[in-house]
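Inspection log for the structure reproduced underneath, given as structure tokens.
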Amino acid sequence: MATTSSTGAPAAAPSLTFTRPVFAKLSPHPYLLLSLSPDESSSTRSRRTNGRAPHEARPIQINTGSLSQAHGSALVRTGDTTVICGVRGELLPVTSIPQFRPTPSYENADDEEKARKELKEYDLLVPNIELATGCAPQFLPGVPPTTLAQTLSTRVYSLLHSSGLVDGRDLRVKYRPVRPPQDTEAMEEDGQEEEEEEEEVKAFWVLYIDLLFVSFDGNPFDAAWAAVLAALRDTVLPAAKWDADREMVICTTKEKGKKLNIRGHPVPCSAAVFLEKADQQHQDKGRHWILLDPDRLEETLCGEVITVVVDCEGNETRVRSLEKQGGTVLGRELIRGFVGVAEGRWKEVVKAMG
Amino acid sequence: MADRRRINGPAGATIPPVFDEDGKQYEHKVAKIRDRAPTAIRKMFLKTGVTPSASGSAYLEYESSAKSGVSGLKLSCTVHGPRSLPRSSPFSPHIVLSTHVKYAPFATKQRRGYLRDPSERDLGTHLETALRGAIIADRWPKSGVDIIISIIEGDQDRETSKFQGDETWDMMNALSGCITVASAALADAGIDCVDTVAGGVAALVQDTSDDSTPRIVLDPIPSEHEKILGACCVAYLPIRDEVTNLWFKGDLPASDIDLYTKLVESGIQASRNGNRVLVECLGETVA
Amino acid sequence: MATERPLVLPGDVIPPSLIPTSANPNKKQQPLRLGPGLRHIPPSDIVPTVAGQLITVPHKNSMWVEYNSSRYTPTPSDLVIATISRSGPDFYYASLSPYTANATLPHLSFEGATKKTRPQLPPGSLVYARVTLANKHMDPEIECVSSATGKADGLGPLKDGMVFDISLGFARRLLMARSKEEGKVEVLELLGEEGLAFETAVGRNGKVWVSGASDAKGNEGVNAKTVVVVGRALQETDTKRLGVEQQRKLVKKLVREMR
Amino acid sequence: MTASTLPEAALGVLPRADGSAKYSHAGYTVTASVNGPIEAQRRDEHPYEAHVDVIVRPAAGVGGTRERHLESILQSSLTQIILVKNFPRSLIQVVLQVEDTPENDYVNTKLVQASLNFAIMPALFQTSVLALLSAGVPMRATAAATAVAVVPEDGAKKIVVDPSPRQIEIAQSVHVLAFTSQEELLLAESEGDFTVKEWDDVYETAQKICCRPASTKEGMEMVLDEEDAGGPDMRHFLRSTLESKVTADLHWK
Amino acid sequence: MPREAEPSLNEREFVLKALQENTRLDGRELDQYRPLELTFGDQYGVADVTLGKTRVLAKASAEVTVPYTDRPLDGIFNIATELSPMTSPAFEVNRPTETEVLISRLLEKTVRRSGALDTESLCLVAGQKCWSIRVDVHVLSHDGNLIDAACFAVVAALRHFRKPDTSMEGGVLTVYTPAEREPVPLSWLHSPFCITWSFFGEEGEIALLDATWLEEQVRVGSCTISLNKHGEICQIAKLGGTPVEAVALLQCTNVALSRAKDFSAFLDRKLAEDAKRRDKGGLLAELSAENDR
């Protein structure tokens, strides 16, 4: 087994003779290690090979509404990671929901809670992430989604539901059967107000949330989620109503569409842990660095990763999701501290979202 | 059976929104008439190096015309290689091109699936022939290069093409865009070409507005015309004055014999314009 | 008893009291020898890597973890039963355990083998061999002749007979010099006492080869049944974890059934 | 069906696998097989260490994106505790077959579900560790995981160990934490809505369950008494399960 | 994936030699099965079957869905057999092997096509809604004769299974959760079983039941007979291999019938025991459900 010393120091020596890219290709770990731990003599501070400080994230740009075919869209760029998100609504008549129940078994729950369950029960949110666009050499098309792509999709899906970002009530298309002919006016309403007892749900909007990576340079989840969040906030569903005669939902461009009301600003913040010793099997781990917003090279060199999703809108910071795996460096204290870092990132991202 | 590697959504089929305006559409279609001169092509925005980790990459966007609902074409292309072919594949004296064109699910009016459909495969084959003529293939024996294009937004109108039915006209615009953007990406990847190939589209259209005499227009937008009689998409090498790929569709009135040649020539003209943008962009990056 | 052979789990801290410090000072200090299931983490930690009983032998100044597993990892000088899977120009490629990389067996490493006289072994043949080289970075190498003496010492192709799978722990017990006393396995002796004529070869890789005694008449009939009985006796002793007494019962039962 | 309060486990249940374990707790029953180190396919062959391959198979229906996610989480965690460096170029394969999951009597179960089911993690985690131990795969340490939910209860918030599907439905946040036997935090997965303070409490509870200091006989009874309060004592459970296995294996000693 | 290990020449020869002396390695008679065990899970419709070292788990599940357009009055019934690396590292996920295809086809013929489950009873709203019943077969341990074990597990699981209760009022379908109404059993018509013979020797003159994995690797042919306790044969499959005397095959069928009777009696007994066990269990579950509210 390679002893830890031999992975570190000797490999560093030839670095003087190699050009940086060659050194990076040949022995990436020592390359990053060297740059992170400059010898005490020199005054240079600990920097990553991408020139960032360990706790420095890449600036984030967010543009929304650039796609005309989608009902909502966003383009997110952090460094060399670029992802596009398109949200498109399609209609799902209740008749084509086999397990649909007009009065679900959870009447006791309030309407909002009910709507939230509908989202999950009827699969009204459908996020998918496409990596096989040649966005990086390892992601070429013509292959089924990689484990990474599937994992990302699942994480987005889970966070969508657990954070209750979308209000399920926005996705209902309701209809009030008309008894006396004079209140035909009531038909015109798109069922957003309170006397819902007479109204019945005729269909649901299904939101297809498709993410496409144009360029991939690490930390896909943060970028992807930012895109989802921005795109959903940009989403306007066409005004739709149930046409009893034609037994179908009819949309119109005459009335102005329905803007989704998106609850909260959950923003993820990811980091990877870089270990001084390539051999992590020892108890004493030696030094380590927590690299915020890791790039592609760093991700290949780090085993342990953490993602914390926070929402700082209220007076108290709420954590909406916490995922840490693949290592044992990040203990209780470090994670506590990292939530603070996440709060910082939250401000940047929310600002970028405008 | 559902794709177990993706999140599939509801079991029952979902329906894209139906608008009450549909059907009445046809009458006031004439309203949005082409405001460009027949020989003018839309403004293009081309940028290379959008995907740094790829050997070469480029992004192309057509200026979306004034009318709302009409989106400009948006394309992103990455080039990977040249790299050695996998052991399994047979010896090849020249470089092996593999082109892959895919519409993003949100690119068109109808949501696209993740699996490639025939039209996307067609685009891929057309693109390959168009490029093969431009690349100096035998400079890279035993190696292959992947050219991947994502159509982020199709060149399509929200309402139309239900009426013109045929989506081919849109595909032609898409193809010419693909050729131009791929050519830029190849140059960015430093893969030797005899010349910079670019795509161009010309169509023979018929509009009541100009007493429905057929006329040839460059870079047509199907929705701006009532009837498209025929169109062609050419991939053209300006310096060598060669056409590497030609795709023609439609039926031309037999009355005018050299109408076909006219059409192709205007196609070439369109491609020249495209080429100008291309060279400009490359010039910047080199400088 | 538990105090002598405490249960250890991976990563447990071994109390220093249990780590032998060379017993008698007059004999010169010999280094602490770590057996299987332990690893040394500099500077001075000794940590178990498997679940088992910690055995310490102070006078030998050695310690290891006693455990039973079913996946064989080759170790030099182990005796193994290998199945030839194919033959190369100079080597046979032989499998020691399923789904693992083949071991190499030089064509000439048989007793008195020359290019002409070497045994021709078709795929599927069995050989009794010794592991000569085994390290995690290379595929193992085995031999059917002692490189020192040039003699086979019982190694070589195994004709006829049958191989039975047994657990690695049981194989080790069978191979013990005093398997009866240390390993608490008597089956074979008992079967012999019952008058069964058979020969066996035990492979450390969890295989035992049993064959009817090759008597001049070669009365096959008897052999097959005998072999089955021996095989079952061994496997049941292993899987049902029989003590000496139960082994005796088992043998009686099996032999009765056979006759 | 009512979920068992105490975990149960059996080792070596699959005679033809190198190692195997069946584990049931809180309504979940999982069987795992471990094979390895065996020859790795070229595509996941690593020159310096063993590739750990984890496969999760649901009881009903085909696995989907959710299973892939669970697999990747388990894979990254197990790679940490297995001494992968000891077996370069080889493969250690862990297959987890879910047999039983607690039913929520208030919903009809849907077959294909993309949403992550946290509560199943501990069962999967424990089973794989047990199977690895039974296979005698060299490890740096053992580990244990547990699921904890913060459930609102008449105004106040209550921490529930091994929550039932019903409790998860109404929970404000659900957490899964895993610790190595050296008390390092190996895995932490939380979703819902919670504060750092709440997470701290959750951490305390989970840690108590996963790494209660090895207890003596009478200490153990005491543990059993406070079962309902603190949840099961995973470390002791692991040890006693292995104890019986090892003594059985070495009965002849 | 690493290839399946082939038995050595010695093993091949010996197995045959022993059989010629009517001796099997585990001392069984030629027509003797290994001890068959069956345990039901906590949930309805989970059957765990062991046959010596072979172990198969079958799980039945139900879902409301849309019927096939060509069969608007029928429900949907599927048996999914997917061998995982748990069966043997030689199997790869999403890579069906011959064994796998064979098993699923035989189960299909035996259970589905023989109309063991009344699919019309699964129809809820003609052409719109129906039950989709699915059985997942998981092979946990493979020591030969997967087919017989799997078939028994599937039948056991389906007969043990309960699907949610439903009702129709004014064209509105309601599927009740277990809390609202006790689930109901499937309408089951008959219980077919697979009995597989393996043949050995030049003319396949030696025939035996319930072959182990090693025996299967050495056999020259096999024949699977599917029938119920009434002796109604659903299918007979002898897929190639050494030709066998027709008369011998008849003999096999007779023995198969008696085995089928044993199986069905055994299954009935187990189901009865489980029902008794549940009577209390069910009540408890109800109570606990009350507490949850």
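Order of writing sets the chain letters: A, B, C, D and E. Residues in each chain are counted from 1.
Here, a contact is a pair of C-beta atoms (placed from the backbone, for glycine too) under 8 Å apart; a residue touches a chain by one contact, two chains touch by 3 or more.
The UniProt protein names, listed by chain, are A = Ribosomal RNA-processing protein 43; B = Exonuclease; C = Ribosomal RNA-processing protein 40; E = Exosome complex component RRP45.
Just so it is clear, the model here is predicted, and its values are computed rather than measured.
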Joint neighbours of chain E and chain D, given as chain labels: A, B, C
Shared interface partners, meaning chains that touch chain B (Exonuclease) and chain D: A, E
Top chain pair, ranked by number of contacting C-beta pairs: A-B
Reference chain C; chain at largest CA-centroid distance: B
Identifier of the chain whose CA centre is least distant from the whole-structure CA centre: D
Computed distance of Cα centres, chain B (Exonuclease) from chain A, in Å: 31
Inter-chain centre distance, chain A versus chain D - centres from mean C-alpha coordinates, in Å: 27
Inter-centroid spacing, chain E versus chain C (mean Cα positions, whole Å): 39
Chain centre separation in whole Å, for chain E relative to chain A (CA means): 44
Multi-chain contact residues (two or more partners), chain E: 2, 63-66, 89, 175, 177, 179
Residues of chain D touching at least two other chains: 15, 35, 38-39, 62, 65, 68, 83, 86, 106-108, 110, 114, 140, 180, 182
Sequence positions of chain A contacting 2 or more other chains: 96, 98-99, 105, 123, 150, 153-154, 157, 283
Residues of chain C touching chain D in the complex: 5, 7, 9-12, 37, 39, 47, 49-53, 66-71, 73, 98-101, 136-137, 169, 173, 183-185, 239, 241, 243
Footprint of chain B (Exonuclease) on chain D - complex, ascending: 62-65, 68, 112, 114
Chain E-facing residues of chain B (Exonuclease), complex: 11-12
Chain D partner contacts - residues on chain E that touch it in the complex: 1-2, 41-43, 46, 48, 53, 55, 57, 59-61, 63-64, 80, 82, 84-86, 88-89, 93, 134, 136, 138, 140-143, 164, 175, 177-179, 281, 284-285, 288-289, 292
Residue ranges of chain A touching chain D (in the complex, touch as defined): 1-2, 99, 105-106, 120-121, 123, 147, 150-151, 153-155, 157-159, 161-163, 279-281, 283, 303, 316-328, 330-332, 335-336, 339
